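Each of the next two complexes has subunit A plus one other chain: subunit B in the first, subunit C in the second.
Up next, the complex of A and B:
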């Protein structure tokens, strides 16, 4: 097995890590939107630090190994249209994903504060914070961009 | 390189296969994280089991349908024997199906027992998903690197 095969294997693994983390965030978003109980939200919030680590590893790994592959492979150039499209979509996915994180942080903070204060009943402010439409929109855009990257990687338009 | 010479008719089945696999692995990341950080938190264990049921199971089915579809499109069945990477894929998919089924059954019984504070079966179910995640990490690498 040569370097290119290793790069492709690592590129694919980090792509799965990126999508895996995005799936984890979707599960967390759906779970916290379905409740206004602080303990429930605080429990789901404990998933997020792991998701944050995996999404950083996945998004950085996929671009580093992807560009490295484009340079290393004979038939592919970094300036090929489908490669540039993937890089642009990656930038959109990364930035919208990064911006969605602070949209949900106040909800988790509020839940932790309520749990620490011993308030376990439903909380209207918590419910409002959990149902942030801006956070949902940003994460949706990020997800669509990642799916489009996958479509671009498979179809390779113009290649 | 290989992808660049892939016929267009292979693209849809490949997309179905990869998308299903990504959802499956994403679900397994949720279940693994749930059981590792739960420390007896019944709510988080329940979220983990629901991810196994509502994310991993559909993801597995889509991945498997896509796998059979692309296997047929590539006429891999006409070869005297499967390439190593296909063997790894089928091996982990078949064993993974049994383990996923076992995890779903154990967890399904265990979720009912969570009301009494008994977490053992759900934790066992989610620990099976940790094994599945480890196996699929090796499989993903094999699918990409395609070792001889």
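Up next, the complex of A and C:
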């Protein structure tokens, strides 16, 4: 079991963590958009910090072990076109993912306020906040960027 | 289809399978920390969209994996592939058993939510069932072991 195999294994496991967190965010987004009940939105909202921890571990692990692997492997350089493309796509995925989080924060805050005030019935403002198209768009861009990273990793254009 | 195309399908399937599994595990873990049946039902219901992702991902990963092994000339009897098949079989069986238990737990939570929504000992017992937790944990171990087999290919 050489260093390169360890790096590849850790690169893959952190990629799984990243995709797992993104799937969790998709489940949370769908669940939030389907309801206008404060308690249900607040309940789903309490999942997001867990997802945030996993997505940070996954994102950092993927880039650290990926770049390390590119340095360690013979025949691959960090400045190869497909490696740079992967790093750029990773940056796009990370930044759009990071920016999508605050888009849903007002919805979660509103739900927590309503729950604290004892209002458990449907709320129009909450429903409107939950259906933020900007948050959905940013998370979609982040997801597409991750799929493109996978394509780039396999076909290695220019290699 | 090119070998790269098959590899893409294989990895996309694996990512869908693992991604859906991680999401389902987090939701189930979150349900364990709640007491009100309506909250537990909501979290366990949220697992349902992840189920086709997990199932579809696993089918795609296995089908493309067989195709890739055939294309690359790997014998299916090789140690690392045999061990992988055993782990996949374990995940299928355990996933079906644990998934069935979780479905019954969700149905109980939904019934209790519509009937006063008060905390219930039986619901808490099912959520913290050590056998169910051990089965779910074994799937996580199986996923990590499968990745290790794919990377190191012992005996190849």
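Here, the second predicted complex is superposed on the first by the 159 of 159 C-alpha atoms of A that agree within 3 Å, B and C clash if a C-alpha of one lies under 4 Å from a C-alpha of the other, contacts with A are read in each partner's own complex, and residues count from 1 in each chain.
Note that in this section a residue touches a chain if its C-beta (ideal position, glycine included) is under 8 Å from a C-beta of that chain, and two chains touch if they have at least 3 such contacts.
Every value quoted in this text rests on a predicted model; they were computed, and no experiment measured them.
Enquirer: Subunit A superposed: clash or fit between subunit B and subunit C?
Expert: Aligned on subunit A, subunit C clashes with subunit B.
Enquirer: Touch test for A:134: subunit B only (first), subunit C only (second), both, or neither?
Expert: neither
Enquirer: Touching A:75, do we find subunit B (first), subunit C (second), both, or neither?
Expert: Only subunit B is touched by A:75; subunit C is not.
Enquirer: Which partner does A:159 reach: the first (subunit B), the second (subunit C), both, or neither?
Expert: first
Enquirer: Would you check which partner chain A:22 touches, where first means subunit B only, second means subunit C only, and both and neither mean what they say?
Expert: A:22 sits against subunit B and subunit C alike.
Enquirer: For A:13, decide between first (touching subunit B), second (touching subunit C), both and neither.
Expert: both
Enquirer: Could you tell me if A:5 is touching subunit B, subunit C, both of them or neither one (first, second, both, neither)?
Expert: Touch status of A:5: both partners.
Enquirer: Touching subunit B and also subunit C: which subunit A residues?
Expert: Looking at subunit A, the two contact sets intersect at 1, 5, 8-9, 12-13, 15-16, 19-24, 26-27, 31, 39-40, 43-44, 46-47, 50-51, 54, 147, 150-151, 154-155.
Enquirer: Where on subunit B does subunit A make contact in their complex?
Expert: Touch list, subunit B to subunit A: 1, 3-4, 8, 11, 14-15, 18-19, 21-23, 25-30, 33-34, 36-38, 41, 43-44, 47, 51, 55, 137, 140-148.
Enquirer: Help me check something: in the complex, which residues belonging to subunit A touch subunit B?
Expert: My answer: residues 1, 4-6, 8-13, 15-16, 19-24, 26-27, 31, 39-40, 43-44, 46-47, 50-51, 54, 73-76, 147, 150-151, 153-156, 159.
Enquirer: Using the touch definition up top, name the residues of subunit C that touch subunit A in the complex.
Expert: 4, 7-8, 11-12, 14-15, 18-23, 26-27, 29-30, 34, 38-39, 42-43, 46-47, 49-50, 53, 143-144, 147-148, 150-152
Enquirer: Which of the residues in subunit A end up touching subunit C in this complex?
Expert: Residue list for subunit A touching subunit C: 1, 5, 8-9, 12-13, 15-17, 19-24, 26-28, 30-31, 39-40, 43-44, 46-47, 50-51, 54, 147, 150-151, 154-155.
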